[in-house]
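Once you've had a glance at the structure underneath, I'll fire off some questions.
Chain IDs A, B, C and D follow the sequence of writing; residue 1 opens each chain.
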Amino acid sequence: MVIVMRAGTKREDIDKIRNKMESLGCKVHEVQGESYHILGLVGDTSNIDRELINSNKNVEKVVNIQEPYKKANKMFKPEDTIVEVAGRKIGGGHIGIIAGPCSVEGIEQIVGIARDVKAAGAGFLRGGAFKPRTSPYSFQGLREEGLKLLEEAKKETGLPIVTEIMSASHLEIFEEHVDVMQIGARNMQNFELLKEVGRSKKPVLLKRGMSSSIEELIMSAEYIMAGGNENVILCERGIRTFENFTRNTLDLSAIPAIKKLSHLPVVVDPSHAAGLSWMVEPLSKAAIAVGADGLMIEVHNDPANAKCDGQQSLTPDQFKDLMKSIKQIAQIENKTISI
Amino acid sequence: MVIVMRAGTKREDIDKIRNKMESLGCKVHEVQGESYHILGLVGDTSNIDRELINSNKNVEKVVNIQEPYKKANKMFKPEDTIVEVAGRKIGGGHIGIIAGPCSVEGIEQIVGIARDVKAAGAGFLRGGAFKPRTSPYSFQGLREEGLKLLEEAKKETGLPIVTEIMSASHLEIFEEHVDVMQIGARNMQNFELLKEVGRSKKPVLLKRGMSSSIEELIMSAEYIMAGGNENVILCERGIRTFENFTRNTLDLSAIPAIKKLSHLPVVVDPSHAAGLSWMVEPLSKAAIAVGADGLMIEVHNDPANAKCDGQQSLTPDQFKDLMKSIKQIAQIENKTISI
Amino acid sequence: MVIVMRAGTKREDIDKIRNKMESLGCKVHEVQGESYHILGLVGDTSNIDRELINSNKNVEKVVNIQEPYKKANKMFKPEDTIVEVAGRKIGGGHIGIIAGPCSVEGIEQIVGIARDVKAAGAGFLRGGAFKPRTSPYSFQGLREEGLKLLEEAKKETGLPIVTEIMSASHLEIFEEHVDVMQIGARNMQNFELLKEVGRSKKPVLLKRGMSSSIEELIMSAEYIMAGGNENVILCERGIRTFENFTRNTLDLSAIPAIKKLSHLPVVVDPSHAAGLSWMVEPLSKAAIAVGADGLMIEVHNDPANAKCDGQQSLTPDQFKDLMKSIKQIAQIENKTISI
Amino acid sequence: MVIVMRAGTKREDIDKIRNKMESLGCKVHEVQGESYHILGLVGDTSNIDRELINSNKNVEKVVNIQEPYKKANKMFKPEDTIVEVAGRKIGGGHIGIIAGPCSVEGIEQIVGIARDVKAAGAGFLRGGAFKPRTSPYSFQGLREEGLKLLEEAKKETGLPIVTEIMSASHLEIFEEHVDVMQIGARNMQNFELLKEVGRSKKPVLLKRGMSSSIEELIMSAEYIMAGGNENVILCERGIRTFENFTRNTLDLSAIPAIKKLSHLPVVVDPSHAAGLSWMVEPLSKAAIAVGADGLMIEVHNDPANAKCDGQQSLTPDQFKDLMKSIKQIAQIENKTISI
């Protein structure tokens, strides 16, 4: 950490900060410029609150040198984390394909789609039971009933279940019925929820918030890991920008960035990012080519009548074609698709 | 609602959509262009799911004419909503000034600040007990203990308490101890929490999410109102943009925009928007000049040692000066400050 | 400037950079951490190319301590710059109100509007002769003919002319006919044009680019000033964000920010920012309350038939009302409106 | 085009707009709702100025159904445009790889790099002679001298030259010495420059502005095409968002979007997008996988001493490796790399 003091700060005020930092266990080196005075901190600065220093009126700027996360940091654990779910791996050369409808709508729908996506090569079943909707008047999901239908589909196909948890009060029921608990983009900084899933042992798929930085995404993973649960899969699903042609702007640069900063696996959700079914295939190929550890794809047997997000859903046939392209790219990347 | 069909759509496919819309209670008028075919819907379209239509492969575009919210809509209730808290009003010409520290840190701190801000003319006391922090390693607030200290400060000063609720599981304790429940920016689309506070009768201060549109903010208010709680105060606190000089970009255009669309009162938080204490005064004046119904201001007796956000806190003396400027602008606007 | 070297960089590689920096006239202080090695540079670093250092594979991060601009920097010239045009002042407590139509359309239109805005208290006449339009098929302005009409209006009213220059090849004709040369948002980083107007003596009104940071805006002013022309007025006109209710998001925080960083005057264009005539008045009041040195307002005698941007234009009567509000706020701010 | 009138508009005011539209050659169909009145326009609406209608006080909303561009529109020319330069093709299954240094620095540098990139499989040489730099104090390029050095490199290698034109006054010299004129991101809406290159016959590579929408990019191409020059190659190079890990956020969704809307070829510049050399390879592979017609890559023999943008430049060896990956992806996509 580097602290830049304002020009003309008195010696005694510099010493106050200096002493404070030393009392927190850091060594302080000073660099005296003409119009600035710099304090270079050496030692473990992760417990020093940057904002606290910033609020000192003599401080011009505080620059972090170390990342503010530890457990998620690649520097402290260089090898890739591999999350294993029902014998299927994600990360470290293993690609997980998570497919299924936006919402669970009924037993035939979910079992039918589960069979189709399994046949095409998916390794995981997705399907929303609890649905975050912008309008209180939109379909809110089948809730507990939806979880049971997902379990039926799992019994039929063996595909482990990935579904969104929206409230800490549902934790028990999710631990019982679900294989991977998804934290949605809107809850990425619902810290009370992060703490709760951090106490669980179930793997967590954590989606990047619409306007969250890569660092904030990793910090939210750190919340979960700090609680003891290190089975975290990150998910890039598009960020909000000025461009409106797509629902969000898929930030594929985030994949190599996360790979550089963290050992956690990261998957891509091109369906929610673009919001356009015809864009899912090219974006999926790009995601695997850029280094993602998996994909999360919406598939619906009857998109025009889906209860939500039909606009972005593939038909089972389109998904089958997609899987063919994905396999070709995965091969070039020397990766295997987990089934 | 207007539905634009793709060029070359067959008559039978147009009729399918037409019949569907008519079955939902709308009248449909057709406009036939050279390369487009337009369906104009007449009647109550608020129950029609726009996404559902969009997912039809023959549909080019769906255009909403009516706003998707009802209870918060100015069209259906033209007069301003006035929220009343412990005899103090916000909205309809009444300006509410909410001031206090980022976090409650101790009894002397909170009571001292409460006295200072009351003396300067504030009508409400703010102070965080449950704190949303980006890092799991930062100070998370005094939690229940913090609520008790706020109550002490209320006893001493009479100022009603505004503080953030982060989890539905705290609802009971908030209903007992707090006057206005704040929903923070990161929880603006925590729909489970919105539903819970919607069942309460306590006023809610709802902050705009960092990357939420004005329409989404009003839709989140609609969630609360749909549950039966119509005492909602909106709060603009800056949005995330590419500009990094300020922590967020305060969107003051949102104030007249919200006033045009909704009858709900709206306040501005210039402290969190800018993240810079020296910018709070000019932004506060601008907020009142642009038509805000109140301000939410961070004040700390010792900003350099504040446990969070000291960088953006005013000292009690600075707050006193600020109140003088605010009163002048309020007078021009023919508004009164609620005390 | 602070250079952070990557962990494990060899001594000889550190010395290479160290020697390079010393050869450029800086003193270098080293701070040795456990996993980082920091070089603190002392002296004039404004000639050191930050990107150049960044490209060294052993460099983790480069942090600028000094701003990259000199002539526009408040640190080197603390007193406000006052730009004077035909006896009217902008900056240092003097507010300039620039009003007129988006486009010059004809002699009666421009002379009529000029008279109206003068009567209401404007000090400058705006009107586009050369128009930047997104579509090649939209009205492109009356060009040279437009400049002549503006001069007629000036003869009638005495109001100096502010109008946009879009190409260096027009410089001569602008120097002859125009009082303030405006650089539009889309040309803020048209560096060839900036260099050309930098060679002129005419005042320049430089609009912030739609996605330009405050620092980049000041850097573009520095281009003009580096050429010898120090009569630069900055203009905030809204930035592009995800919010679509307004055409752009007016960034009023930029005003106190610019005032902190630079001595140059800064005005606000609420008409282009919002793109909505009914929002011009509240935003104008907020702009003066936040500290702006002036306003740029679109006024049209017949907005519904304006050749461009009628949607955001005030009628002369609305402008008269606006001026009354503005004067009240200016009085509170102890500023005078230049006429 | 659909015009939504405000509730309660008088019949005579509706008729005024109706008549105006009919006088412009459109047929008008009316749809009468309870609280809205809709006019559906049929016929060629491309000459109707949307803003003009919007400014009518009785108009609630104007919705474009047709895209505002013609010559660039895929609807009117469904087959891919193939731009041919010195026998090399870009578009329609042909991938163009444009490689070279950010700036031309000297004869040995540019000829050396040209040989290296040719040997690795590039088809075009890039190199800046006129450089747009944020700071007036940064290296501005060798200008005319740079063009001559590029020509020398072309003589040695046969690679056609792609380089940026910053001013219409340089058109003649560019037409003489250069093969493809590049319009940089900062000049994407420098309409005077667009008009000038539109009069030329030389192919133009048009970069997307940092905050330009996909539609605006195509509209700028339309400017060039409207002048008679239909040899336009579009280039995605990253947009400005809140995320700062990368210099810009590469918007790869823009590639399938542009392919859907326009017949023009589109290439990707991963070097400027990310600003990080280690990210160029994964982003390049993703770009080809998503459907781009080419790449623009910075290569420098000595990145640490490059006069600009060394941080994002590949060494010739890294470029050779990159070309191997690219060829594999191109093969899957059934495309050929133009050499």
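Simple rule for what comes next: a contact is a pair of C-beta atoms (placed from the backbone, for glycine too) under 8 Å apart; a residue touches a chain by one contact, two chains touch by 3 or more.
Keep in mind the model is a prediction, meaning the values are calculated, not measured.
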| item | value |
| --- | --- |
| Pair exhibiting more inter-chain C-beta contacts, A-C or C-D | C-D |
| Most widely separated chain from chain B, with each centre as the mean of CA atoms | D |
| Separation of mean Cα positions, chain D and chain A [Å, integer] | 32 |
| Rounded Å distance between chain C and chain D, as computed from the means of their C-alpha atoms | 26 |
| Centre-to-centre distance between chain C and chain A (centres being mean Cα positions), rounded to whole Å | 39 |
| Residues of chain D whose C-beta touches two or more other chains | 211, 240-242, 244 |
| Complex contacts: residues of chain A adjacent to chain C | 2, 4, 29, 31-36, 38, 40-43, 60-61, 63, 65-66, 75, 211, 240-242, 244 |
| Touching residues (chain side chain D, partner chain C) in the complex | 46-47, 49, 51-52, 54-57, 68-69, 132-139, 166-169, 186-187, 189-193, 195, 209-211, 216, 219, 222-223, 226-227, 240, 277, 303-313 |
| Residues of chain C that touch chain B when the two form their complex | 211, 213-215, 239, 241-246, 249-257, 260, 273-274, 278-279, 282-283, 285-291, 325, 328-329, 332 |
